[in-house]
């Protein structure tokens, strides 16, 4: 038993080290967001000071930050939902169709994610300008979905592969059609996979910078741009950037916490098959 | 059930068609536009420059440009650094956090946070840590008598500094994936191994790792695609510098397409890099999967 | 009875007249404008006051503040579109040639001439207007002026002990540098370790002799090489061919000089971008720094700079090289009108520019203590304000003989290529300055050689601003 106790202590020490390594930057975000600007770069760094909420105040008074959060939410949730629906349907097809051509389709879909985004920024700008979608959340939803659908397809295919076809056959023998079988039998079994895909789609859409910079203006501007805009020509306004970073972090954490229950399960099932 | 052609057709029509149509409609124009650009001289900022067909000149320029080759090499170097460390660290941490001990669920959640931060902000946070002269990292290191290290301000360290930031952000991704897989492994082989009196390392090497391999490969696959496109963190931390120590493919494309406004060259570079990543991914993962299959036998 | 009084009266009358016009009929009431802006003082000071402007004119202005990295790219993409989203654009003056040659910016010359009295055209430092011209046309209006100047620790340079020691070591009196050699001597003299004495007090941190920008981020190294290069008597372009000519003796000397300052800079010099560089000055950790005046205001403000508490900032004109006196180097952050806006929007945008850059507003900012870097003679010359902001006099004096920054349509190519090559040289990866400069110039010239000599010569020709012609 003593060796077991020693082992436990060793585990906790290792975990503490890991936590310190990975949490220090997060801790710095929080501390710096509360630090008065004058102390931002003191030497040695100041860790004890009278905290100020000034940076958070600035965030919401100098920028329409609440609207930008709303924009980001609309874009991220919109693109996530859309990509999940379209992507998981396609993934199901790719998983079930046994003809050889499906591999080509599957690869074509995945290649969408491999193309360097920089090359398509201007073409997208031109299209959205001409159809009046520039500076709308819809524009970003569309663009992000072209990255999120391939991701969803790729993730979900693994999950559908794991659902035994015998189950579906049984349902079909009972008189359910292909669609009903998918909806009532297959999809519920892959709910954990949907959670995984949702998290990745959400994170990507919530955090993207380049398209958000080029395709939005005042109406649809997202939080990433808002935070970065405290980098001006003559200074990086650290306090505000850190406050913004912290606020921007919260929805992501909440989203992941909500999905967590299925997340672990989901990653186990789907990715094992690849 | 028989996989009849008609059933495949029905599934394709109902399930596959929406995605194919949507992806086709939303990407066909930008893709064709980029392809068209890649054969032209096109400067968005200087309308007085004739926008003419130049044949494969842009492709020739990209492929014969030392800067492009340097960027390609730097990108692969960075990928090698980040992906290898992320896999090892990720698996290691996953082994820790899947121990059946109190508090591990909280730890697992905490460790996911880095992944949820926007890459540009990750760049800014690490700029804070690497800050010339005043960075927290060097301060912490000085407490244990190390340093100072010129993280982002020396050509020797800069790429490593970028890699560290990327490793910090994406190790949780591997941790999450492998942790989930670990929790679902069947217990039987372990019990057998214990009875046989194998060492802990042997158990990991011969029982756990083979079972984790498919997960790791699929996680690597996903990360590799994105790691090849790394851009935001570097744009904020070093902008490719000092000198050209952190110039990656995406920065090359950005500079050609925007800063120099030679959009044809930028588009050509994009297609070249699309081909390179496709070939790389195909070969790399084919060989990984083959070794995997061999192992399974 | 100076010239200021007269122009002030003229301004007052003009202001009265125009405000009464606005009050009577508000011809632009209901027009909505959008500005593609940034988060620096030239915009953030005005942004909260747009409501006042709307009350005056009925014009609604929405200012979007974007990050500096990527902003010029967004402006180019925006200006390539026929029906613009933004009517007002924030412009850094080196972009004027690029945007001007593309026809992206509205020519403001006739409007400025028409409203000369109202805007106090004579009150604006001429080089600040010139800075915003392309081929003689005024394409943007100054909203914040920048001048390259020398900032130093006055408390240290005026310390009698330091002065005595300095004289013993270098054989001449310690004073703000008149030459770059003196500037380097001072840098060397004040490079001290933590615990050493400086001005009679032990240092809490290392003191660096100097702090200059060597980082590639934001193109800082290129921007800051140019003032040195110009001061050593160099020029950007060959006047006969219109090609990059920054490989000559003055150019090499300037790069070598910058390199010779490295030992006196903070060891992480390759990471010094603008705010990091000036941070050393603000914390009192550097003895001197040649820099743009945009952040000078912070050095005198104890809330923003420790130096204001522990020491005193001094300001002087740019030192000289052995090439003798050279014009000072300026830049401007300005507001411009998108050429593709509708006519009514253009006029409304001009109304906004007039208001946002008016003497009244500028004086209000200066009085409130966080003024933008000024470009109006009446404000820079105001005795009371000069006392409050000691660098005002330096700015005013040095602008008399000043030349503009680079304004070529291929400016971005210059910034990027020189950024890479100079950074390599400063990092010790390229052996000689000549090699670095030649590589950078060749890269720029490869692109320029596609054009005719006439076109290239037109691009380097800085025609005097028509708006300044009497």
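Remarks
In order of appearance the chains are A, B and C, and numbering begins at 1 in each one.
By definition in this document, a residue touches a chain if its C-beta (ideal position, glycine included) is under 8 Å from a C-beta of that chain, and two chains touch if they have at least 3 such contacts.
Quick caveat: nothing in here was measured; it's all calculated off a predicted structure.
Farthest chain from subunit B, judged by C-alpha centroids: C.
Counted by C-beta pairs in contact, the busier of A-B and A-C is A-B. In this assembly, the C-alpha centroid of subunit A lies 40 Å from the C-alpha centroid of subunit C. Per-chain Cα centroids separate subunit A from subunit B by 15 Å. Residues of subunit C in contact with at least two other chains: 69, 73, 77, 218, 279. Counting partner chains per residue, subunit A shows two or more touched chains at residues 41, 43, 121-122, 126, 210, 228, 231, 236.
The set of subunit B residues that touch two or more partner chains comprises 44, 131, 134, 258.
Residues 1, 3, 5, 7-8, 10-12, 14-16, 18-20, 22-23, 26-27, 29-31, 33-34, 44, 93, 96-97, 99, 101, 107, 109-121, 124-129, 131, 134, 136, 139-140, 168, 171-172, 176-177, 179-181, 183-184, 214-215, 217-219, 221-222, 225, 228-229, 231-232, 249-250, 253-254, 257-258, 263, 266-267, 269-271, 273-274, 277-278, 281 of subunit B touch subunit A in their complex. Those residues of subunit C whose C-beta lies close enough to touch subunit A in the complex are 34, 36, 38-41, 44, 47, 62, 64-70, 73-74, 77, 81, 83, 85-86, 92, 205, 218, 274-275, 279, 283, 294-295, 303-304, 306, 333. Remark: subunit B residues 44-49, 130-134, 148, 150, 152-155, 235-244, 255, 258-261 touch subunit C in the complex. Across the complex, subunit C is touched by residues 37-38, 41, 43, 62-63, 121-122, 125-126, 129, 134-135, 210, 213-214, 217-218, 221, 225, 228-237 of subunit A. Put simply, subunit C touches subunit B in their complex at residues 69, 73, 76-77, 80, 98, 101-103, 215-218, 266-272, 276, 279-280, 409, 412-413, 415-416, 419-420, 423-424, 426-427, 429, 447, 450.
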